[in-house]
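Each of the next two complexes has chain A plus one other chain: chain B in the first, chain C in the second.
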Partner chain A sequence: MFTIKPVLSSLMRSRTGPLLLLLQIVLSVAIVANAGFIIQERLALMQRSSGIAEQSVLSFSLYNFGEKVNLPQQLKRDLEILRNIPGIKAATSTNMLPLSGSGWSDRFIDGPDPETAKSTPGFAWYLGGEQMVDTLGVNVIEGRNFRADELNHSITDSGMKALMSAPLAKEVFGEESAVGQIMYQGSDNQIEIIGVVEVLQGAWVDSDQFDYSVIQNIELNENRSNQFMVRADRRDVPALEETIKQALRAENPDRVIRNFNTLRELKDMSYAFHAVMAGMLSIMIILLLVITSLGLSGMVMFNIQRRTKQIGTRRALGARKRDIVGMFLVENWLICFSGGLLGGLLAMELGSQLMTLFSLPMMGWQWPAMTVAGLLVITTVAVLLPARKAALISPAIATRTV
Partner chain B sequence: MLTHYMDLGWRSIRKTPVLSALMVMAISIGIGITLISLNVFQLMSHNPAGERSSVLHMTQLWSQGPDSWEEYSANLTYQDTMNLRQSDIPVRSVASFRSGGAIHAEGSDAEPEMRSIRVTDSEFFAMFSVPFLYGGSWDKSVDMEAAHVVVINEDLNRTFLGGGNNVGKIIYLDVTPYQIVGIIDHWMPRPKYYDVTNGSMNFAESIYVPFSLTPHEEFPVWGNTSGWQFEPLITYNDRLLSEKTWIQFWAELPDEDAQMQFSQWLTSYVEQQQALGRFTDNTRTSWMRLLDVAEYLTDSEVVPEDNRIMIGLSALFLAVCLVNILGLLLTKFLKRAPEVGVRRAIGASRRQIFLQHMVEVSLIGLLGGVIGLVWAWFGLTTLADHLGMEEALGRLDPSMWIMTPSIALGAAMLAGMYPAWVICRTQPSVYLKSQ
Partner chain C sequence: MLSMKKINKVFKTDLVETHALRDFDLQVEEGEFVAVTGPSGSGKTTFLNIAGLLEGFTQGEYTLDGVNVSRLNDNQAARIRNEKIGFIFQGFNLIPDLNLAENVEVPLRYRGFNSAERKRRVEQALEQVGLGARMKHLPSQLSGGQQQRVAIARALAGEPRFLLADEPTGNLDSLMARQVMELLEEINRNGTTIIMVTHDPELARRAQRNIQIVDGQVCDFTLYQGGDEPQAARA
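Let's turn to the complex of A and B:
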């Protein structure tokens, strides 16, 4: 059924059509492989675990513009009010919001002398109350969380305690346990690491140090502007915005309360560009495949009309219907394979160009391979339909003049 | 003749509706995708400074110590900014940073609103060609002797004061009264080229207050504050004295001479600071640079990398569509060979046959272009909607009205050239015999 030689010689006779097809497949493989690779890379970025109960954490900002406000007292009152709202399981003030694209980053050094000490990598620096851990829903895997009576209110206070994310702890201390280690900020400020959380991402989704973060026992209370996070049941979150506004305004009307977002919403905003890129590329791939297969079907259909006499003769000489179908399939596969090979090379070249020009990792060979496999399937379907029609050509045709 | 060819082309297109539709679809999708990425590129790579681009210079200093940042910070420290403001070499110089606060007006029904504020110098408006509706900037003396004056935009003027000439009236930032000295018209440079650090496609601020008020009013910083060493900012004064960078500094330097002079001035300034123990990174030979607007936008990577990748991929995509159409056209034209044979036999020249087919191809291209434009518009709206950037991205750049027909015609002709050439070489005798 699958004889290559006659197909090859017929391909060599009318070169233009197959050549165009070849070119199209070469380009398609190059595009689809690279686009697919980029999509996969973006999706993998988005699927990393943040360590946070994203949908159950509601964040908002509060700005006190009243003139005679005792800010530390006000913060204390506000936290009390929040924690008493039914449905809220935990609440904390915070200096930054995870996954939001903006926040504080810092480094510790491992000794008191800034000249000789080694610096940790940069990390997201979360400052908040003892309920920060519960609010975020992060998992303390070693050591402990800090207690309410251990809270500081200024960056220069003594008695600093911090929790580190496990990836950061591993980077800084290797196999050694992080708990109990002393780190420094400048020469005077000592920070005791008292716990390790399993996963906690920072604020910048494109950062290399996205998994490095530290929660420290500082509840900043001298700022007019504060950010809060509250933890509730996912079902209760939508109604909370109004409840919180009312409760806090009842306490003191001179403030602006706004920017209500769940952490999931912040995450989606931060990843919006990646999501759009993945979406656009997916649409591109689908359209490309549609266009390629439609074009292929069109060409085969035309070929059938042109080769009616040839097909009729073959049928008259004893070729079965499946031989005719087979002829078209073999023709297609020949083109597909050679196009796939060339296209694969082009795709790898394009991939390495993209890698040098842009911050993309190198594409593996499996991407072009998968694309060629996919194209084989799709083009087979695209060819099969018109080819079966061709097989129906009656041998009698051959005897007539076309 | 052209109209005749167009008529022939149209007939031919109608004769094979499926094949024609396929071709128009293919080319329109190719054009649509290309237009989307080009349009995004056009919008983002736009330089709103126009001819003033080479005159305005962002000043950057390498104030960090050794082994810290590996590139220039976009911003300056407060102390450097205050010193640079002293230089009289720039025609205009402007320090600025982004802040924010609660805005309200006495007697207004509108609730207080959080708005972003630009804290800047009097010449900001002249430097960036900001159009005034009423009044103008505050007096230059205010840049030295702080006063509570403010410039607001028309949108804020309408919300809080009901519109009209409200110069002289009072609005409140938090609880502090400010006298309005100027109201600016709608002004929305995209990208926001005087400060792209917090979203280059963001809105321009609606409130402008004197930079000289900074130490008195302790404006919160809504932009980036970056530090390379441990410096706790407990009080606002700590911030002012620190090595943290958070202020943009623009200098207007009209010619190379002025640029040279200012560079020299900056170099000697750095030397002077080094004598005081700052600018300690000795691995460097230069501690300052001046970027004009175009350089600043490039350096800040305002055009996202993804967009460039998309342009490359969509060009390839268009190429696939072209090859596809090329094949289909060849198919279609060859099918018509007998007809062409007859035309040739009764006197049509090769040139005429070639032209006739090129006209037909151009028609297909133009049709594809029109539909492609619709795709692009649709795609852009969806895209902007997803990114929450309706106003910034969800519109077609005027250049697209030239770009679309040129791409459409160019692409179609490229694809049609070979098939038209093949068909115009038809031997009439072959077809006359077989008919």
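Let's turn to the complex of A and C:
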């Protein structure tokens, strides 16, 4: 049923059509393999755990414009109001919002002499109150959270304590425990690491150091503009915006309260480019596969037209219907395999160029292999339908004028 | 060798019913060389197609080499075509993308012969028709007569019990037609039964027996002996 040599001979002697198709398959494999790989990379980025109860955390900003407002007192009062709103389980002020695309970053050094000390990698630097851990819903896996009585209000205060994300702790301290370690900000400020949280992502979804984060016990209270995060049951979150506005304005009407977003909404906005890219690449893959399949299907249909008498003659000489189907399938598989092989090589080369130009990770060989396998299945279906039609050509055609 | 009894072939459309063969009876003995003649539209090609199992028939009984082939399925018919029948077509029907050896090899592949056996048979068949030295040539590089000899080699390679030739010299000039005819006669002398459809009365006269088909029936059934004119008589 599947004889390769005569089909190959035939293909080699009528080169133009098969060559064009081969070229199409080479390009399809190279593009689809890389596009598939990029989609998978993007989806993997989007599916990373942030460590945060994203849909249960509502963030907003507040700007106090009253001239006589006592900012530290106002912040304290605002936090009390928020924590007393029914349904709110925890509330904190914060210098930055996770997954938002903007925030603060810093580095620690491991000794008082900046000249000789070793620096940690950069990390997202969260400053907030004792309820930040509960508000975010992050999991403290070692050590403890800081207490209310340990809060500072300026980055130059003494008695700094910090919680570190586990990936950062591992990067800095290896297998050694981070808890109890002393780090420095410049030569004067000591920071004691008192706890490790399992996962806490920063603000920048494309950063290599996205999982490196530190929460420090600083509740900044001298700013007119503050950001807040409150944690509530997911079902209660939609109603909270109005409740919060009313409660805070009742206390002091001279303020602007806006930018209400759940952390999930911020995450979706940060990943919007990735989602659009994944969508567009998916559409491109589908279009390429459809075009390739149509190309093959078209070539088979054209060949059926062109070779009607030849097919009839083959049937007259003893070919069964499945021999005719097999002939077209072998033709397709030969083009697909050779196109797949060349396309695979081109895909790897394209992948390595993309890796260099756009700092993408190296694509594994399994992507071109999977693409060729997928293409083989799709094109087999595309060829099978017209090939079965060809098999229905009567052997009596051999004696008729076509 | 071949026995057709009361074969009828009716082509039906919504509006019209055409009887291509009507109560068609024919016996061909092993080793015979039979020429089939008749005017256009008389049913010659339909007879050839039915005899070669290229198409079915509406009624009747057909026995080929002792096997009742009246109701075969597609695969069974393909197998008998491949093993017992050699076809020679008016237009040669060679596959233009394959060289001569590959063309002759086509039916042998369908038969499932291994590579060595195919090679042996291809070489033998092409030698027999005088084209052993041109196995790698493409059909387009040959004259019409040579192409028909390749087609004959393709028919012979499977060592069929009988050959069906459809106007085998119809597309050839007289010299080449004579050469092809001589080749067929030689094949027949070696024991292969041949049924040849032709328009050419001169060629028909060279066969042992001439059958004339008119309106789907055997009209003339004469054994030629030494160039006598065929007698007009209903069989």
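In this section, the second predicted complex is superposed on the first by the 402 of 402 C-alpha atoms of A that agree within 3 Å, B and C clash if a C-alpha of one lies under 4 Å from a C-alpha of the other, contacts with A are read in each partner's own complex, and residues count from 1 in each chain.
One rule holds for everything that comes next: contacts are C-beta pairs under 8 Å (C-beta built on N, C-alpha and C of every residue); 3 or more make two chains touch, one makes a residue touch a chain.
All values reported here derive from a predicted model rather than from experimental measurement.
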First, second, both or neither for A:Leu294, with chain B first and chain C second: first
Partner chain in contact with A:Lys321 - chain B first, chain C second, else both or neither: second
Contacts of A:Ser359 with chain B and chain C, given as first, second, both or neither: first
Which of chain B and chain C A:Thr313 touches, first, second, both or neither: second
First, second, both or neither for A:Pro395, with chain B first and chain C second: second
Which of chain B and chain C A:Ser14 touches, first, second, both or neither: second
Chain A: partner with more touched residues, chain B or chain C: B
First (chain B), second (chain C), both or neither touched by A:Pro72: neither
First (chain B), second (chain C), both or neither touched by A:Gly159: neither
Residues of chain A at both interfaces, chain B in one complex, chain C in the other: 401
Of all residues in chain C, those that touch chain A in their complex: 45, 48-49, 52-55, 74-75, 78-79, 81-83, 87, 89-91, 93, 95, 97-99, 102, 105-107, 109-111, 138, 154, 158, 166
Of all residues in chain B, those that touch chain A in their complex: 19, 22, 25-26, 29, 33, 36, 101-102, 112-114, 174-175, 198, 220, 229-234, 304-306, 308-310, 312-314, 316-317, 319-321, 323-324, 326-328, 330-331, 334-335, 383, 386-388, 422, 434
Partner chain C, residues of chain A touching it in the complex: 3, 5-6, 9-10, 13-14, 309-310, 313-321, 323, 394-396, 398-401
Contact footprint of chain B on chain A as seen in their complex: 16-17, 20-21, 23-24, 27-28, 30-31, 34-35, 38, 63, 65-67, 102, 106, 114, 154-156, 185-186, 189, 224-225, 256, 258, 269, 272-273, 275-277, 279-281, 284, 287-288, 291-292, 294-295, 298-299, 302, 305-306, 354, 357-360, 401
